[in-house]
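The data blocks that follow each hold one structure.
Next, two complexes with chain A in common: one pairs it with chain B, the other with chain C.
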Partner chain A sequence: MMDIPVWLAIIVGLLSLIGAVLTLLGCLGLARFDSFYERIHAPTLGTSFGSIAVLLASILYFSVSGQRFAAHEIIILIFVSVTTPVTMMLLARAALYRDRAEGNAIVPRSAGDALENAAAGDDIPQPSSPQ
Partner chain B sequence: MSSDILHWSLLISQVLLALAMVAAATRMIRGPRAQDRILGLDAFYVAAMLMLVLFGIRIGSSVYFEVALVIGILGFVGTVALAKFLMRGEVIE
Partner chain C sequence: MSKILPYPLLSLFLLVMWLLLQQSVGLGHILLGALIAILAGRAMAALQPERPRIRKIGKIVELIWLVSLDILRSNIAVARLVIAGKRRDTTSGFLVLPLELRDRSALAVLACIITATPGSAWLEYDAARGSVLIHVLDLVDEQAWVDIIKNTYERLLLEIFQ
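Up next is the complex of A and B:
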């Protein structure tokens, strides 16, 4: 490892530590939450802010030590932040479809049922339906 | 001095990412249903990608960047294919 200024070492080390800690927290949440719909929120901590911190550390290190602006890590950053919502939404819809097809109690049976339940829980008086 | 700081912080970060990979692999092995296993695989891919970026900083070469890019692309394609398989029962319609 070549000689680099101290401030760069501190900043790169801090950014990589922050990214690693965020990714670890996301994966611990993935391992410890109870239901799938809680679990799907946790790992996005690693794909959003964990990736941003680690890739920013890489950009800084190679830009200063390589004497030129090296920003090709931005490609990974853009790709990850574009594709993660797509994959998570596909996965959540697939899980919802499977739970509804099996009639599990964790999800409402259809979107209409969910609307009725939400409306029944409100304080707004509902028009009484004919018996 | 500065290389010591960089060396130790990168080492600790890599250990933390390895623990994250262990947690994701736990969910992948233990997960009660198929969607939990796919979610664990996705988190595993991301942690491995970040770990390869840190390896690149440690070695000082940008070869590891291409590896991380390929891992990111393959993780996306794999997760989308598996989610589509769960939804439809087949990948290519």
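Up next is the complex of A and C:
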């Protein structure tokens, strides 16, 4: 254990705590929300600011205590933020496919069809012609 | 040159990443990293992706800043919803959004931004109509979401990529 200034130790501690609490809340949300589509939102707490806070704490601690230059954390952050959405979109599209196959009314049939229905009443701007 | 290194930036990034992960700039690691970077670049060329054209690099900084602020804000909002649990009075819902963005790389970036932000998830893109299906956890003001996505993110991405 290397020594770091007290004020920095407090910041590092707070950041780790914030990250841990956000990740915990994300897990709680995963258990507490009702539908599948609501549930996919909760774990993003842990993968967005939850991981940013923990990684920031790690960067601060290891850089200041002089053990190593913190580059791993930046790479971890890039990979977490690029790979998580891909997994979530795959899961969500599987759920959409299942719900449409079962004919559940809560799910719009397709992005385009729902748009045409909405355009009749709402003032959502129409897409420009494809280039 | 282009035969060996079809994607020089990608190969360079892979080499730098390799060296960072190994925490060393020894000759052995440079040689091994370079070999992997070259092979990965050629594998990428076999997939024949469209080359992204980035017009304004300065705008990328603005985009990262806006996304960070948005992630922070929506983290707090979603954390509150989780704590409120069953007592929350918000409704979640689907949102269909027409997009002007057609560039595939730009659409991928937008999908990552929307999904990485807690409270909104990109579900499906309809390439024929150029519209996207988004699920929003806290759908109080539909127009506000349309404004955020179309007027900030889509506008910036249009400036960067097209």
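Everything that follows uses one rule, which is that the second predicted complex is superposed on the first by the 102 of 131 C-alpha atoms of A that agree within 3 Å, B and C clash if a C-alpha of one lies under 4 Å from a C-alpha of the other, contacts with A are read in each partner's own complex, and residues count from 1 in each chain.
FYI, a contact is a pair of C-beta atoms (placed from the backbone, for glycine too) under 8 Å apart; a residue touches a chain by one contact, two chains touch by 3 or more.
Computed from a predicted structure; not experimentally measured.
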Of the two partner chains, chain B (first) and chain C (second), which one does A:Gly26 touch, if any: first, second, both, or neither?
both
Touched partner set for A:Tyr61, first chain B, second chain C, both or neither:
first
Under the stated touch criterion, which partner chain does A:Val12 make contact with: chain B (first), chain C (second), both, or neither?
first
Just chain B (first), just chain C (second), both, or neither: which does A:His72 touch?
both
Is A:Ser81 touching the first partner chain B, the second partner chain C, both, or neither of them?
second
Would you sort A:Val107 into first (chain B), second (chain C), both or neither based on which partner it touches?
second
Could you say whether A:Thr47 touches chain B, chain C, both of them, or neither, answering first, second, both or neither?
both
Going by the contact rule set out at the top, does A:Leu90 touch chain B (first), chain C (second), both, or neither?
first
Footprint overlap on chain A, where chain B in one structure and chain C in the other make contact:
26, 28, 40, 47, 50, 72, 75, 93
Residues of chain B that touch chain A when the two form their complex:
1-3, 5-10, 12-14, 16-17, 19-21, 23-24, 26-27, 33, 35-36, 38-40, 42-43, 46-47, 49-50, 53-54, 56-58, 60, 62, 65, 68-69, 72-73, 76, 79-80, 83-84, 86-87
Note: in the complex, chain A contacts chain B through residues 1-6, 8-10, 12-14, 16-17, 19-21, 23-24, 26-28, 30-31, 36, 39-40, 43, 46-47, 50-51, 54-55, 57-58, 61-62, 65, 70, 72-73, 75-76, 79-80, 83, 86-87, 90-91, 93-95, 97-98
In the complex, chain A residues that touch chain C
22, 25-26, 28-29, 32-33, 35, 37-38, 40-42, 44-45, 47-50, 52, 68, 71-72, 75, 81-82, 84-85, 88-89, 92-93, 96, 107-108, 110-112, 114-115, 118, 124-128, 130-131
Chain C contacts chain A in the complex at 17, 20-21, 23, 71-72, 75, 78-79, 81-83, 85-86, 92, 94, 96-100, 102, 111-112, 115-126, 128-133, 135, 137, 146, 150
